[in-house]
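Next up: some structures, all given as structure tokens.
Paired with subunit B in one complex and with subunit C in the other, subunit A is shared by the two complexes that follow.
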Partner chain A sequence: MSDRPFFSNLKCRECGRLYPKEAIHICEFDFGPLEAAYDYDAIKGSISREAIASRPQSMWRYRELLPIDGAPTVGVQVGFTPLVKADRLAKRLGVKELYVKNDTVNYPTLSFKDRVVSVALSRARELGFKVVACASTGNLANSVAANAASAGLTSYVLIPSDLERSKVVNSLVYGTNVVGIEGPYDQVNRLCSEIAGKYGWGFVNVNLRPYYAEGSKSMGFEIVEQLGWKVPRHTVIPMASGSLLTKIYKAYTEFAKVGIIDEQPFSVHGAQATGCSPISTAMKKGIEVVKPVPKPETIVKSLAIGTPADGYYAIRTMKDTHGSAEDCTDEEVVEGIKLLAETEGIFAETAGGTTVACAKKLIESGRIPADESIVLCITGHGLKTQEAIHEKCGAPRVIKPSLREFEALVADELAALETPQPSTLNS
Partner chain B sequence: MSTVRIPTPLRKLTGDQEVVTAQGSTIAEILTDLDQKFPGLGERICDEEGNVRRFVNIFINDEDIRFLEEKATPVKDTDEISIVPAIAGG
Partner chain C sequence: MAEQATRLWLMYPSRLITRPVIYEIGKNFNIVTNVRQVSVTDEIGLVSLELDGEREEIKRAIAWLEELGIKVEPVEIQTIEG
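What follows is the complex of A and B.
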């Protein structure tokens, strides 16, 4: 490694003013968001395909492009989730080359949020924080609680009080301080901004947001490496604040910047639930001003952010890459969850159903051509949002422990199978 | 005169006043008046082209002017105007 730090500054996305690498997140001058800036020339001298391939299989194999100073101390095993070639789903959607980036099995809390938390808490330790906190729609709370517990940090997670039961339990079990706020996520977020200003806590998605957000890039880096150092022609990404979409774009472009790949054409597409679709609505109207949704109404709670912080940048990114946005109804979300489960054996949470359903619409309408490579970013596990499909995927049929009853039950089904069953009589 | 609420980060420019008054029949006129009274305030709220900065919200009686007539939004003396930096997070 060279002596020059790879991660050089924080930088205002609006005016470009530079800031020191502290727990700050907005520009003092114009209130624009601060983003991590790197010394790409220094990184070029350190990173290569061979160097990356020689490192442990975690998100930290792209260490030079993540915003901490030393070695990671929280979440060192996070990431490098499977990129699944989804041929059965591809057939159902009528496309040639389809992959699922499967963050339902991310470590340790089964969502992509472990990526952002790993960076945020590693940085929080470097900055000397003893208490960490977050505003969350659930997945982030789970991840902050678990990773803080393993790092020995005290944590507070603030969530809307009406979240899915699994997501609440999945925070409480780690011994974190869970505070339910009566109101939608945006109110939780507003309160957290006030708390972050008053207490000396490291709020992963408020004053540590510039670090936190960069963790999402690792999903993009992994996709490129797992595709054999190729950028997929199309990537479909769920949008809450819009941050993940902008960071996957940043990952693809950074890999080209540091010479890991040649520049390749790609489009990023965003997915939302119709009941809270401020970004997709603006994108469809062709405007860049995102109108807040004061009362989100959807089963997709993890995407229910009415005032998306990165909405504008998400729209710019989709436009710049000739991508598009789509949204879908709650019924389509459930169908999307079932389709992914039945074709690929992957049980995604509601945000995953949203991504599948929106991808289907984008393909059917020709905005994603059938003969080009596509990656769907599936960001969280279905066990976290079971309520959403609890009564929509049937129930077990109950019988007595009797062979006769079982045979009666399956007789018609066996007859319907075209392929003859192998005989077990003489085996 | 309309009342204008000033957010904490801009109060250095208003001598720590949280609420100030300004004259004008549109938001644009109000902003011009504010910049005359408190030099430097204008460039923090609007960019070089005079557009309200992306991460600054201006509310007139709790309505975002982006969904009214932007800077041309008419203002009555009884209106309460708030300047609020966008909440980043999530």
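What follows is the complex of A and C.
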């Protein structure tokens, strides 16, 4: 181990000014976002494929490239989710090599948010915070509540007061303090920002944002390692604020910077729901200024951010890698969820359906060539957004407790199964 | 009332891009404004702005901006996530 710290500073993404590694997130000069900066030369001397492979299977096996000073103390088992070779889905989409990065089974709250929260809370502890907080409509709240509970930190979760009861229960169960706030989102947003400034709490996506956001890189590191230290030629990523997309790009480039892989060509593509698609709309128009969506209207609530904080950077990243953005209707989202479930046995939340549906469009239009490797980032479990597909998966067929009725019901289906299919005859 | 500095993003619709809104804030309210970053296209104007003044005065100015049709966000932009 080198004596030089791997994680060196916070740095403004706009002007490049350096800041100390504190709970700050905005450049004092131009209000640009701060980002973690590293001493890549020092890391190069410490990290290797062998060293990584010898460590426990969690996101922390890439700890040199994550923004904490010591060992992680929160969420030590998070990450290293399966990269599934999705041959049946590949066949349906007409492509050769397709993988699903399956964060529906991320530990402990079944979404990729556990990655960002475990980094934010580990850093919060290093900085001496006793209370952590977030404002969220779903996955982030669940993850903060669960990870804070297991770490013995007091947590506050702020939610819009009209949030569905089912979503609130998934946070309440961990004993967190849930506060519902009345009023439109803009006002809730400003209040959260004021609370974060006034109370000296660790707000994971406000004053701890530079640490929080870096956790997303672990998804990119894992993809490269699980592909045999290769970067996929195409990665399709859902976009809410746009942060995940920029961080997966950062992961791929950092692995090359520290000598884990050689530089390889790759493209990152972004997916949104049409009912809230400010980034995809700007990208398609060829502009970099993202026009806010005042009233998002989509079933994909976890991506429904009308004023995406990292929209500009996501567009730049897609352009730099010759990637593209796409969006899809709510009907296409549901079809995407069902397609992934029926072909690969993976039940994704609506953001996952968005990724699948947009990937399909990118492939059909030739923006992703059929003969190149593709990874789809699936970020949360379908049990969290079941209401989106109620009434859309059919219903069970009900019979009396009689064998005759059962046989009548399945007769045609069994006959079809017994008829040899051309493909089985040839194999 | 306590003095405070508030940092905001203002997002103008195209019809307001030619209006001197920041000058009007200084004239109509007892607030000092300081522009940090600006980006204007045909469709939208984005301004990052620091406002210094009493909390209640700043709240009144924000209400006035919203009434004009300007979207006002904290510099954190999106504190509520999915």
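What we mean here is this: the second predicted complex is superposed on the first by the 401 of 427 C-alpha atoms of A that agree within 3 Å, B and C clash if a C-alpha of one lies under 4 Å from a C-alpha of the other, contacts with A are read in each partner's own complex, and residues count from 1 in each chain.
The rule is short, and it goes like this: a residue touches a chain if its C-beta (ideal position, glycine included) is under 8 Å from a C-beta of that chain, and two chains touch if they have at least 3 such contacts.
These numbers were taken from a predicted model, which means no experiment stands behind them.
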{"item": "Partner chain(s) touched by A:P160 [first = subunit B, second = subunit C, both, neither]", "value": "second"}
{"item": "Touched partner set for A:M239, first subunit B, second subunit C, both or neither", "value": "neither"}
{"item": "Which superposed partner A:R209 touches (first subunit B, second subunit C, both, neither)", "value": "both"}
{"item": "Which of subunit B and subunit C A:A135 touches, first, second, both or neither", "value": "both"}
{"item": "Contacts of A:D30 with subunit B and subunit C, given as first, second, both or neither", "value": "both"}
{"item": "Partner chain(s) touched by A:C192 [first = subunit B, second = subunit C, both, neither]", "value": "both"}
{"item": "Contacts of A:I337 with subunit B and subunit C, given as first, second, both or neither", "value": "neither"}
{"item": "Between subunit B and subunit C, more extensive residue contact with subunit A", "value": "C"}
{"item": "Which superposed partner A:L303 touches (first subunit B, second subunit C, both, neither)", "value": "second"}
{"item": "Doubly contacted subunit A residues - partners subunit C and subunit B", "value": "14, 25-26, 29-32, 135, 137, 185-186, 189-190, 192-193, 203, 205-206, 209, 240-241, 289, 291-292, 305, 307-309"}
{"item": "Interface residues, subunit B side, partner subunit A - complex", "value": "9, 44, 47, 53-56, 64, 66-67, 85-90"}
{"item": "For the subunit A and subunit C complex, residues of the former touching the latter", "value": "14, 25-26, 29-32, 134-140, 158, 160, 185-186, 188-190, 192-194, 196, 203, 205-206, 209, 240-241, 287, 289, 291-292, 294, 301-305, 307-309, 351"}
{"item": "Residue ranges of subunit A touching subunit B (in the complex, touch as defined)", "value": "14, 25-26, 28-33, 135, 137, 185-186, 189-190, 192-193, 203, 205-206, 209, 240-241, 243, 289, 291-292, 305, 307-309, 312"}
{"item": "Subunit A-touching residues of subunit C, taken from the complex the two chains share", "value": "7, 9, 11, 36-37, 39, 41, 43-44, 46, 48, 62, 66, 71-82"}
